[in-house]
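The two complexes that follow have chain A in common; it is paired with chain B in the first and with chain C in the second.
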Partner chain A sequence: MSDWVEACATGDIDEEDVMRFDHGGRTFAIYRSPDDEFFATDGLCTHEKVHLADGLVMDDIIECPKHNGRFNYKTGDARGAPVCVNLKTYPVKVDAGKVLIRIG
Partner chain B sequence: MSTAPSRRDYSLIGRDAKLAVETGLSAAEWYHTDVPRKQMKELMQRSDGPAIRDTAIWFAALIVSGAGGAWFWGTWWCVPFFFVYGVLYGSSTDSRWHECGHGTAFRTQWMNDAVYQIACFMIMRNPVTWRWSHTRHHTDTVIVGRDPEISVMRPPDLVRAMLGFVGVADAWHAMSDMLRNAAGTISSAEKTFIPEQEQPKAIRVARIWTAIYAATIALALYTGSFLPLMLVGLPRLYGAWHHVMVGLLQHGGLADNVTDHRLNSRTVYMNPISRFIYWNMNYHVEHHMFPMVPYHALPRLHELIKHDLPEPTPSILAGYREMIPVFLRQLRNEDYFLKRELPPTARPYREEFHNDTIAAAAE
Partner chain C sequence: MAGGMLIIGAGECGGRAALALRDLDYQGPVTLVGDEPHLPYERPPLSKDAMASDAPEIKAIASDAILAEKSIRHIHSVQAVAIDRAAHTVRLSDGSVLPYDKLLLATGSTPRKLPMPGLGAHCVYLRTFADALAIRAHLTPGNRIAIIGGGFIGLELAAAARKLGAAVTVIEAQPRILMRGVPAEIAEIIHDTHVAEGVDILCGDGIASIADDGRQVRTTLAGGREIVADLAIIGIGAVPVTGLAAEAGLTIDNGIAVDAELRSSDPDIFAAGDCCSFPLAVYGGRRVRLEAWRNAQEQGALAARNMLGAGEAHAAVPWFWSDQYGLSLQIAGLSDEGSSTVRRDLGDGAFILFHLAEDGRLVAASGIGPGNAVARDIRLAEMLIGKQAKPAPEALGSQDVKLKSLLAA
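On to the complex of A and B.
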């Protein structure tokens, strides 16, 4: 079963930034790229469960605030130590100024 | 100069390591000063400019001082050149290794990686092993049994600490570890923090370094001169004093087993030369609280959050004046430490987490 869930308004996130979204006891990270596209991943770093929403977005990369581990937030790929496990990504769509993510 | 056997077990596979995991002291949530997201984003922004400038100065100074030392080799005139070369080689690489390991010095990642590899070789720290040990240091800063980078354990081994100023113990351990890794062995302690898939990389680097040192020694023997070793390897000893001098101040004499960097780390105001060599790591509370902030933005971060931090130590000398008496007292009572006082504007320590250790704190 999969549902589209409203995460935030498009204006809630600056370009090249990230925000936290909690839903159903889970935590997600919602990204707005420099190209004004939206993406979503699990909210916690796969290394030590730190909230990625406190990290830094640079181009396609989210850097974890605790140990500077890097992921490509568009694909979830781990991009260097200390992260070794990829990040789960979620489909995103924008509808009437709202950012929706499909949580499987 | 150690006295009674320590009640603390610093082994990464020992009693206190297990206890820290069981009690949740390991991988705990640490205190952070509240900083608005907008300001933190500005502080975290990466830029190549400052690090390219500093690295160009660093390389130029290395080449000039090294060439001067070689040119005047055999005369007393080589001494000031090797003095400078040694500090650049054996001390400033400590901060270059550190900042580039965090990936914050440059915006461009390959630049971080290149300087990281060079600095690691000079400071004799396996780039794989130390990347992971430093990750653990940030997860479990000065947590006994978990942090592999506690430089002065309790009770303090003052002989070892003093030998550090000439790099003897560090170089001995570095060479032993290098040869062990080159032989294909990863120790039990290393296995606790280096993921299995990374371990072959540590072995490969150790083999390359062994080949470089063997070639340097062969050249010294062939030419019948110490000069090759004065340029490669030995500067890690005769130039180590500065990084040890500033490094001991990071956590020396402060609390252990707490989850608030204001209690276990020290910010020290320093002269501009030391700050260049040290790449602003004198703002050490700030660095630990927000490791995403590049070295060149740490002074700005310090201004922003200093209301919430203990008063900075005003100088290197002042740091030693407060630290040495604590070390000496810890020889008799290892539970003694220096408790950092907070200004009235700061959010208080969560004393309920630290009652046992606070009881032993200095007045």
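On to the complex of A and C.
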């Protein structure tokens, strides 16, 4: 169950940016923070199931492309209207230039 | 502090304001009064894909449980009918009288009525969930729907109606659809998409007469053309709901006039959302009234802060979106502030028009494309507009230059 899955190479995502990753019928969003750390959350906004990877990353916030709902992608916390349900987050590790996430 | 915070209008703005008061740890009474029978809900889905489902559902802003948990008293199906400013009370249509320390008017807007004789039961408007359900019942295969007015709500409904197989004609008196606030280049793409999806769009011909005989609606255009429909949906804009405020003697100027802190001409009465006009700081205080969902949210939250004494001025940039078929349009700022445009292509047919003022300031950005293709760059443009930045036109036009890099500059 709690396997580490290779999501992408570190170089696939710019700093302060996000990428979509689909695996096993599910969709995730992988983030690279401005200070070069990697994070992962569920891929869909909790407001209307829109892919967050089309959104904008500013510091530790991902902003939904559809209606600007905001989440802290490090903790998954919803940060104000219109989103009120938090995002699920997943453990991430970097190994030999690969970004791995643990899908529980 | 006996009266507490009273909010009239339980829509997007009023609902958000009530929640915000509690998020700000306000401990006194919070009362939300609305004349609709529902919980506060989101209106944008009423004209979009959600309409095309078999049984459209309300998208509530807060559940009964959340309102109860936050001790927000929601009085529904009741209208506020008079404000007694001296006594600091509001009288409701059921005869009850509510006290307030601070009052927020979030009464929204209502569809502009077509000033013509001949309208009947098959000529309808869309504002509420009840309106949406009534319209949905007519969106069936082959049913003929006439949409009067080529604005956002009419066009979104046209897309939903096509999805359900109805035969749709859009009637627009202006030379093109979306004359207000949307650049011609973008309106043309939306027009062509509707035509490709089978919508008949008739522009540039005003309505001479309408006759609803109780079974069908016959619309005759000035040029002589007749359109017969099973339902006519009228979407010719909205007017602010200001009656309550006007009768209380508050200043009205294309909406309830408020200052930068959303305070009306009475210091204990605030107004926010579709019902108010306010000075827009980013354009030097130009007085505007917006009919936009995010604005209603932001102003609801700002009004809550200022009702508690924050003294914070409105500083946001207007933002609007519309969805039709697979296309999304997003607009940041007001394009009529611009005197020239620069186009940036994003691939897949998506593009953004940047609107620049004569002094080089970026004042607006209008984008269209499939899915959420324009979202990021519109959001970055919004921040540049907010900073009153003067980015080089060549940089805006070049896909090789990241907009985020301009923001740092």
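Quick note on the criterion: the second predicted complex is superposed on the first by the 104 of 104 C-alpha atoms of A that agree within 3 Å, B and C clash if a C-alpha of one lies under 4 Å from a C-alpha of the other, contacts with A are read in each partner's own complex, and residues count from 1 in each chain.
By our rule, a contact is a pair of C-beta atoms (placed from the backbone, for glycine too) under 8 Å apart; a residue touches a chain by one contact, two chains touch by 3 or more.
Predicted model, so just to flag it, every value in this text is computed and none were measured.
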On the A-aligned overlay, A:D12 touches which partner chain: chain B = first, chain C = second, or both, or neither?
neither
Quick check for you: in the superposed arrangement, does A:L56 touch first (chain B), second (chain C), both or neither?
both
Which partner does A:A81 reach: the first (chain B), the second (chain C), both, or neither?
both
Report for A:R70: first if it touches chain B alone, second if chain C alone, otherwise both or neither.
first
Of the residues on chain A, which ones does chain B touch that chain C also touches?
54-56, 63, 65-68, 80-82
Tell me, which parts of chain A touch chain C in their complex?
16, 50-51, 54-56, 63, 65-68, 80-82
For the complex, give me every residue of chain C touching chain A.
16, 19, 42, 61, 293-294, 297, 301, 319, 321, 328, 371-373, 375-376, 379-380, 404
In the complex, chain A residues that touch chain B:
17, 48, 54-56, 58, 63, 65-68, 70, 80-82, 84
Within the complex, chain A is touched by chain B residues 27, 40-41, 44-46, 102-104, 107, 109, 131-132, 135, 138-139, 195, 197-198, 290-292
